[in-house]
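What follows are several structures.
Each of the two complexes below includes chain A, the first together with chain B, the second together with chain C.
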Partner chain A sequence: MDNPFQKPHVLMLRYGLLSILAFIVVFPLVWLALASVRPQNEIFQPVSDFGWNTFIPSRFTLDNYRTLLNGDFPLAVKNSTFVALTTVLFGVVVNALAGFAFAVFDFRGKNLLFLLVIVSFMMPFEAIVLPLYVMIRAFGWANSYQALIVPEIANGMVIFLFRQFFASIPRDFYEAARVDGASWFYIFARIAMPLSWPTIATSGLMLFLAQWDSFFWPVVAASDSAYAVVQVAIARNINFEQNDWGGLFASTNLAILLGTIPFLLIQRFYVRTLISGGIK
Partner chain B sequence: MSSMKIDTLRKSFGELEILRGISLDVRHGEFVALVGPSGCGKSTLLRLIAGLEAATSGHIFIDDRDVTRLPPKERDIAMVFQNYALYPHLTVRANMGFSLKLRGDAKDQINKKVEEAAGVLGLEHLLDRYPGQLSGGQRQRVATGRAIVRDPKLFLFDEPLSNLDAKLRVQMRTEIKALHQRLGSTMIYVTHDQIEAMTLADRIVVMQGGRIEQEGAPLDLYDRPANAFVGGFLGSPAMNFIKGTMSDGAVKASDGTRLPVLSEASALDGRHVLWGARPESIVPDDNGFEGTVEVVEPTGPDTQLLVRVAGDPLVVLLRKRMKVNAGDKIRLGVVGEDTHLFDAKDGMRIAL
Partner chain C sequence: MQIGRRQFMAGLATTTLLGSIGRAGAQSTTLSAPWMGWPEEQVAPLMAAFEKETGIKVAAERLPIAELFKTLEVRLQARNEIPDVYLVDGPLTASYAARGHLLVLDEMLADDLERFLPSTLVQGTYDEKLYAMPLGTSTQILFYNKKLFAEAGLPEPSADPAKRMTWEEALSIAQALTKPEISQFGIAFENCNPYQLLALPQSWGAEVIGPDQLTAAGYVNGDAMVDAMTWYQELHQTHKVAPVGTFQTGVTQEMFGSGKLAMIVGGTWNLVGFEKFEGLDFGVAPHPYFAKGTPVTPTGSWHIGINPRTAHMEEAKAFVRWLSTRDAMDLWFELRQYPPSLRQIWEERASTNFIDPVWEIVQHELEHTATPRPATPGYREYEDFLKTAMQDINTGADVRATLDRAAQNIDREMRKYR
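Right, the complex of A and B next:
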């Protein structure tokens, strides 16, 4: 790629195009961030009047955030955090166990079951909302944390990820442990899981973001404001009577920032590969 | 120390029959090597003994106890895997103590045993390292150490040296032999390397196509192979074979070349045979049969010649240096009439 003999105008063209692309991607986010620190009445002014004002607020204010923190938003953050972390905790264990079974054991109907797992994540969630809601109602779980957490624990994509990883661990690890007297559960917990930190990190992140970003299911299953999650709280800024644009942008901004924290915490696992070393 | 007995053991994967009725007795403290080409079933046999695969039929006894249906951990065996299978997230100490910890031994007991085994294998200074920080030979030693800390009834080795380079392999081979002499344990060792089998084992079991071709002491097998397969499998360079017909107490090859055999062979006249001679038994002999030298390969201690005799290639290993060039005609004989005769059809040894 980096050919030192490349003609300068080709280089210029390439970087020029890339810059435009980067601008298109980043600009809406920058605008969002800036809008959240503008006074309410100024938010849409720069849209019709594109110029330096678009980027530099005339007056910097944290009013939008202050209002947000005094309202329902902190509760929504708390709800979302609880729901997302609980889902990650149970989801990683449950899906890893399922992936382990698919990778290591031979049992009747294994291929059909695995096919169903794959189908489950190909299928749009909207297709099962209604039956799922009926089921949740029957359990008496409407408007509860269980309703938000339990249906999201088992995740076909995550099972698939774990299966692929566990299948890539040389069988000798499992067999050596069996000869040494380990039970299958011990092998799962002490051999397979400690080797799969990168997969655990990726899956945990996927489960976390799925819950952090989920909107449709919480609206359906837990409409009570006591159980409102972040995305629902964001949407509540807009309603028939009045639109709170400042609140909308500030809450969206916060949701994005909080949502990136887990990613920043675990990104070092993406670089690490633990599998090397034990095998020749 | 323990004995092991296998009784008409069979294993099939669906239609495919991997083991076709294996029976084998292993005495207390014996070192048995299972050898054979890949796909002969030797590894499958070892995995059945370990309990990693279930037998289709037949029985395995360890110390007169039928273990055929028992899971691996109830068989009291230890296995060294081809690629060592050291847990990368555990230190050498934890790797070696893994089975003891599972067994529920006390912590100081585990440490004592691990350090003892580390002493035997020269691993004391590596106990706190991780497998990724070790060289190939060190990993091999840790894998062996993991097996010996348990003091099992039976040691199983599945091609433990095949991942090492040639020089290290020879060194580790000697170490395993010394270890066996020191521990006096019963060991079963799978390898495709016949030199490993020859040097290590008290007894060699040669397998092919899911059957035992021959078993016995290494030199007995070398000197009196039961069939052409065993004769060709043991020894490097391999035994030479030339097809011919018995006539006047010698083997007459297709072009009429007369290959010498023991003098008592005259009773076999007219029979189609496979004449076999080891490369090191063939020497220059002015009264012998004639061949054309095609390749000369000096290796230092000896010289290997490829000679074309009666249209067949014949490998000759000369212990003495000799001036010879490709294209030369050479007359050859066999030292001490050390030749083997096999039936041309079924390859079985013809007793002389």
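Right, the complex of A and C next:
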């Protein structure tokens, strides 16, 4: 018990500080959650009179949620879920294949191509939105699921992650399999991919969240209300001249909760990749 | 493994093929119309009425204001047939027209222009041609909370434009109504946009842009501008009668609605916006002015324009022509109460809607004090930099340095329009 961290007052100080930090991080979220179950006209009152009222609604109501469920929001959730899951499905396969190629094969222009991959995720989206839009229009894809999904499938960051992982697998594995007559695709599908679950989980999550949070591109490329995604539906509660705070808070809450589900499902894998990434 | 030229070409061909298949499938018969993100029930009936009359569908895409402007930039700069028609913010007319994104409407509306209030046509006009038809206009008035005035034993401000309050008077009233212990503020501007705040320097006597409509230096950071904006800053930082950092209409509206704000300078849309606050009893008075200057009120609103590259030119023209009719404008006023741009609506409603003192004030302001924002092709850039500067001034930044920087940035961006 020589560990100085075990002394009671040090412990107290440590947990005290951590509690304060936790409060600062959690409080706005709690307030958001509570605001969504308040009657509309009460949302802002307790902000200025800070006290118990700030935490406890005088009347608990699900009106805001009820209104949401009767409006466009369920459609937006359906759209976002479809778009995000499809992107994950295709994204993992395509990016893993690309990462595998970069890690295993040697071909002319490989370094230049890889540099382009890196540049692609450093590039701010606003810089490419115009040419991308022109291209999507030329394909006749404006206002379609393709417009929302296809540009997001290839993701430089995910290719990079896969490349790093596949490069860490000893080349002997691959060569042994080649000697036994396995095709490269067989090696990819049966040897490399099964080893890379943590990377698949991480990249899947990244792709999912990128789509779940995407806002500007859906607004530009598919603003038809039939293709509205979650973030666009949330933003519809705000306009220049009046805001529907209840709807805004309720929809934000739902978006956060639903967006957390995939993370909770594959949390274990996610943490493991971060750790293994740290050792290398 | 080597990726050969043949494989590469095969991939390229497949991509192209897929693209052209997608293209063949896309055929649209409706007008695409980026629209403001007003609530559905204020947008859909207008489009439905047009469809009923002509059979042409209008797909109004309701977008939040910032995204509406960004989306229009992307789509218009792509220079293709989308959108067919779009909402144009009055002061952006010059910006779109100068870049060839708007069809000249003069010929189409030649016999109709007499029907509009002349001040509403000004903002849709660039280079002496009408590019965007006004769907309405706007003005700003002073709303006050009657209960808070009664509690403080203060007389209510007069609704008569001839007895308009000065800003100096407004400040002393605001001081009497500010109660920091219960977080109650005396006065606030609805938001922090140049649309609303330019009336301050203009009332002080400032010119807010050079005569060529392209010069900011000496105007945006001119002495009168600096003085007026210093006064604005003192309202928040020295006298502390106005809340700091409330840049959005939604927030100030809530403060006024919940009785935490005694006076708010805001647009007529608040008449609808305040309806949701039960028990809020408010009065209206004309926009204050500086004793040393003249009364000035913000104005301008939404217009409609046609993309000259539209593939549905006849339908787009039909839509704009229909919107200019009495029936469409009347319906639009029912849906959203912007001061109408057609004289006829004013006359028809003179004895019903417009007996309210609000509308008497609005009518007076539109005729006498309404001052449009600068008609510069660079208004987008002008507004962006000035808005940020105004927010910084609100939260306590050095006024002159902030405006100097804004002027410098605006001038740099304006170079491309010279």
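To be clear about the criterion, the second predicted complex is superposed on the first by the 249 of 280 C-alpha atoms of A that agree within 3 Å, B and C clash if a C-alpha of one lies under 4 Å from a C-alpha of the other, contacts with A are read in each partner's own complex, and residues count from 1 in each chain.
FYI, contacts are C-beta pairs under 8 Å (C-beta built on N, C-alpha and C of every residue); 3 or more make two chains touch, one makes a residue touch a chain.
Keep in mind that what you see is a predicted model, and the values were worked out from it rather than measured.
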*Would you check which partner chain A:Leu195 touches, where first means chain B only, second means chain C only, and both and neither mean what they say?*
first
*Between chain B (first) and chain C (second), which does A:Arg108 come into contact with in this model arrangement: first, second, both, or neither?*
second
*Which partner, once the models are overlaid, touches more of chain A's residues, chain C or chain B?*
C
*Check whether A:Asp172 is in contact with chain B, with chain C, with both or with neither, and answer first, second, both or neither.*
first
_Output check: A:Ile238 vs chain B and chain C. Expected answer is one of first, second, both, neither. What do you get?_
second
_Quick one: is A:Gly181 in contact with chain B, with chain C, with both, or with neither? Answer first, second, both or neither._
first
*asked:* Please output the residues of chain C touching chain A within their complex, sorted ascending.
replied: 1-3, 18-20, 22-26, 34, 36-39, 59, 61-65, 67, 70-71, 74-75, 77-78, 80, 82, 182-183, 248-250, 253-255, 257-258, 260, 267, 269-270, 272-273, 276-278
_Of all residues in chain B, those that touch chain A in their complex_ = 50-52, 71-73, 77-79, 81-89, 98-99, 102-103, 130-133, 136, 139, 146, 150, 163
*Would you pull the chain A residues touching chain C in the complex into a rising list?*
40-41, 43-45, 48-49, 105, 107-108, 129-130, 133-134, 137-142, 144, 146, 184, 215-216, 219-220, 223-225, 235-236, 238-245
*For the complex, which residues does chain A have touching chain B?*
170, 172-173, 175-182, 186, 191, 194-195, 274-280
